[in-house]
Amino acid sequence: MIIVIQCVDQVGLVASITDVLAKAQLNIVSMREHVDQAQNLFFMRLEVTHSNERDTLEQKLRAILPPDSIININPLPNKKVVVMVTKEYHCLADILIRNYYGTLGATVQAVIGNHAVLEDICKRFDMPFFLASHEQISKDEFEGKIAAIIDQFEPDYIVLAKFMRILSPALVAKFPMRIVNIHHSFLPAFIGASPYKQAFERGVKLIGATAHFVSNELDEGPIIAQQIISVNHSYTAGDMVKAGKEIETAVLATALKLVFEDRVFVYKNKTVVFD
Amino acid sequence: MIIVIQCVDQVGLVASITDVLAKAQLNIVSMREHVDQAQNLFFMRLEVTHSNERDTLEQKLRAILPPDSIININPLPNKKVVVMVTKEYHCLADILIRNYYGTLGATVQAVIGNHAVLEDICKRFDMPFFLASHEQISKDEFEGKIAAIIDQFEPDYIVLAKFMRILSPALVAKFPMRIVNIHHSFLPAFIGASPYKQAFERGVKLIGATAHFVSNELDEGPIIAQQIISVNHSYTAGDMVKAGKEIETAVLATALKLVFEDRVFVYKNKTVVFD
Amino acid sequence: MIIVIQCVDQVGLVASITDVLAKAQLNIVSMREHVDQAQNLFFMRLEVTHSNERDTLEQKLRAILPPDSIININPLPNKKVVVMVTKEYHCLADILIRNYYGTLGATVQAVIGNHAVLEDICKRFDMPFFLASHEQISKDEFEGKIAAIIDQFEPDYIVLAKFMRILSPALVAKFPMRIVNIHHSFLPAFIGASPYKQAFERGVKLIGATAHFVSNELDEGPIIAQQIISVNHSYTAGDMVKAGKEIETAVLATALKLVFEDRVFVYKNKTVVFD
Amino acid sequence: MIIVIQCVDQVGLVASITDVLAKAQLNIVSMREHVDQAQNLFFMRLEVTHSNERDTLEQKLRAILPPDSIININPLPNKKVVVMVTKEYHCLADILIRNYYGTLGATVQAVIGNHAVLEDICKRFDMPFFLASHEQISKDEFEGKIAAIIDQFEPDYIVLAKFMRILSPALVAKFPMRIVNIHHSFLPAFIGASPYKQAFERGVKLIGATAHFVSNELDEGPIIAQQIISVNHSYTAGDMVKAGKEIETAVLATALKLVFEDRVFVYKNKTVVFD
């Protein structure tokens, strides 16, 4: 059973939290904590032996924690996810495989694409696919279509798996820190469009990908995970795009694992990640 | 102030430890713990605000911990180190620089070499150098010389910085888990002599270095840190030796930082490292 | 068009080879060469503008090269591959996805499994799956079944994608340096069975995977590619197995790309890889 | 003997170059070439057996190459270097050690510092140190001091080893693509001052360093080498600065090795690096 806590820091927090657990006969399997001194914020993630007294436990913790503390108790990862895609298959395929074999740590309920291209692979995995084309309609109508589909599923998370349209603040606001995007550069370098082309022109020797929560600033949301690979002069921009797909797939997979295992906390546009 | 604890695991350990700290008005700056389920062992490292009541604190902790618990309270890293060398300068030079600028996390008291080659660089850093040649004397006499020098300094740790002689069990037994060696391969591959030549012949695409505590089995002691670099067909064994020096320097530096910051626990020939 | 050459080294080789190309009006897109001084062997890989005079070109090259030179001219990667599997899906799924989208650099003709478990995912990709169970028959009969299936397809390469049975020398001899295996350790460490368990017991801080050509010595064949990931004390052997799958998938994918692009030469149980 | 060539690409270049070498009885030890298709530029680096006929060889090559080709023949690396520093010791110390032991691939003639702090370590290596303070004088006077010192030595390269003043276009123009700087970020992220503070505020999970040739745009010159290390939420900006020093040292060392071995070509604000 995973317990995550985020609150104002004060002396004796760990003692009182672990005292509640000890009294409830819960054994600590693993524990990670972090205090941001500057912000006076406390973060903790515990894995404890299972308990049927989830609500009682939450009450007892709330009783010894500062007011307005965030406490979340999740028995096991069972999050529901809607994935959004455009044309590229690599991130989606990786997610569909993991979802199919039960190793994603969450359940993909449906895939929404603004193109029909990826419907085929979804079918091959018996995954519901919804086409929501953006062509020849206003942004509002487009987002209306998307919102309607998402509403059917009430997902815990939305994963933008190389989904190439920019979501409006309205839509983002419905899922604060619950939309994970993979951006094909090592942020904050190469924000926006054609990052590989920008990377090629700058002549960098490393390219990367960044998984982050979506905020209202394009590519500016809290970073969850980043990785890089080496490139060299022999790479055209097209070669960088190709090589980049491998790293986009890997980084998104890494980030989703962290998020679905409740290892990621967000504050002040940054994350605390207990990996 | 750093507190490290190693003991048999039992329910409520974290609660009782942190309770002692809270009652002593000590704020937890950082905390890492690990339970080895199979061995039923508990490991914890805490950084807490400084206290002048070191001995009282140790008593109070001992009172709530299982018998035979290992408790160590070190105000700040101030460990004394003797370094042993042979002919290669790279690891020694890195250590001398860090020691000189106070960023080693320990104090090097002296350098012992079985060749005179590295006396020069020691002099340039006003570092006492002791020549203890192994030539034309028995192993016992050789170790006698070394032991005599070490005894003068009573170091906390001995660092074998590409020291190429094998220490006898007797000498090792005087410093159990307090001798750090850098082996020029990615253990357990290529144990013993000429690991780069072995690596070259096997045609591996990665070579590495391993820092470990010395035990009585050659290159078999608990591993502290390892790193690798890529190599390819264009590397001769000599090229691998050259490239390998960079990684040996880096891995030894990493390992020493971990050890001197009390981040390393040893049990059953393995380490727990809170990095 | 790719030209690969392997022969005894002699002065002026590059000049005479490139002279043949220049006279044939072929522009060099990229060129890599290596001379193993100790073995006096020359290796070269060229990408040149396409030519319809493939056979003439080969003759002309043969005329200026030493006798017994290996010359291969392949217009574009169009290799045929049979994949062999047991129960684990991760490497197979990655290969099926790449094959499906045409980014494998080769064509998978069929999958042979000694268990039926992975038939399902093959079906989802319309990939012919052949069950060749090893249970309750002799090794000879088992290999007879496998050989019969392989013979139907006459593949250029056989990929052992976590195929867990050991192939006999007879079968290996039919495909010298044309069987690629992924071994779940960083060779030459942890040869044989349960490498992650061995890694766990040794307490290594890095685990890896190695893709190599199969020879008659188990896990001793020429290494094509290797990668590692960091692990730590918190990993059980089971955690290492899980984390290891990611790296096995990545390394096998890397190795296949290199092999299918004719970037890999084999000699003396080692490889020259022009990546 | 190393031969580097940079020119407009044309068919048969490799053939004619290697023909000249073959006729001069020079054996090719290693060869790397690259054609930038878009720019129609050809780059080549050859290591050949030594020849006393350096000038004749250059003439013969010039005869078969396009006009305005860049041809450089350097018997062995013997470049002269002046290093400029401010207060931080780490990059300088690494360079002084390598220079002292003859493994730098160049000779450091002198060190210029705008503070006196690093004079001590220079003395310890018998390295001439020149103090050129920037305080209380105009930029022109400051650069005048520096230029006067540099002129004494006529170095081939200037290495800015955490030298924190910005050089004027006039000074840069004297050493086009011959000034190597280490910038403490992964360019193009975090240009300018306090990159670690910027990195900390953005909440990146990787920080890096970039070695580049100095041009007139701050931190915009052609990139030679880049590396990154992982960081996490537990790093304060100060921790990032500390960790970053390790990577700055490593990247600058890597870049200098490449430059001093004539492995780096510059064009259009990018580099071709034959590593």
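First chain written, first letter: the chains are A, B, C and D, and each begins at residue 1.
Rule of thumb we're sticking to: a contact is a pair of C-beta atoms (placed from the backbone, for glycine too) under 8 Å apart; a residue touches a chain by one contact, two chains touch by 3 or more.
If you want to know which protein each chain is, UniProt gives these names: A, B, C, D = Formyltetrahydrofolate deformylase.
In this text the structure is predicted, and so the values were computed from the model without any measurement.
Judged by contacting C-beta pairs, the busier of the interfaces B-C and A-C is B-C.
We define each chain's centre as the mean of its Cα atoms; on that basis chain A and chain C are separated by 35 Å. Centre-to-centre separation of chain B and chain C, using mean CA positions: 40 Å.
Residues of chain B in contact with at least two other chains: 30, 34, 37, 234. In terms of which chains touch, the assembly is arranged so that all chains touch all other chains. On chain D, the positions that touch chain B within their shared complex are 30, 89, 93-94, 97, 100-101, 121, 124-125, 234, 246, 250, 253. Here chain D touches chain A in the complex through residues 34, 36-38, 186-190, 202-206, 208, 222-228, 232-234, 236, 269-273, 275, going by the rule given at the top.
Within the complex formed with chain C, the chain D residues making contact are 11-12, 14-16, 18-19, 21-22, 25, 27-35, 37.
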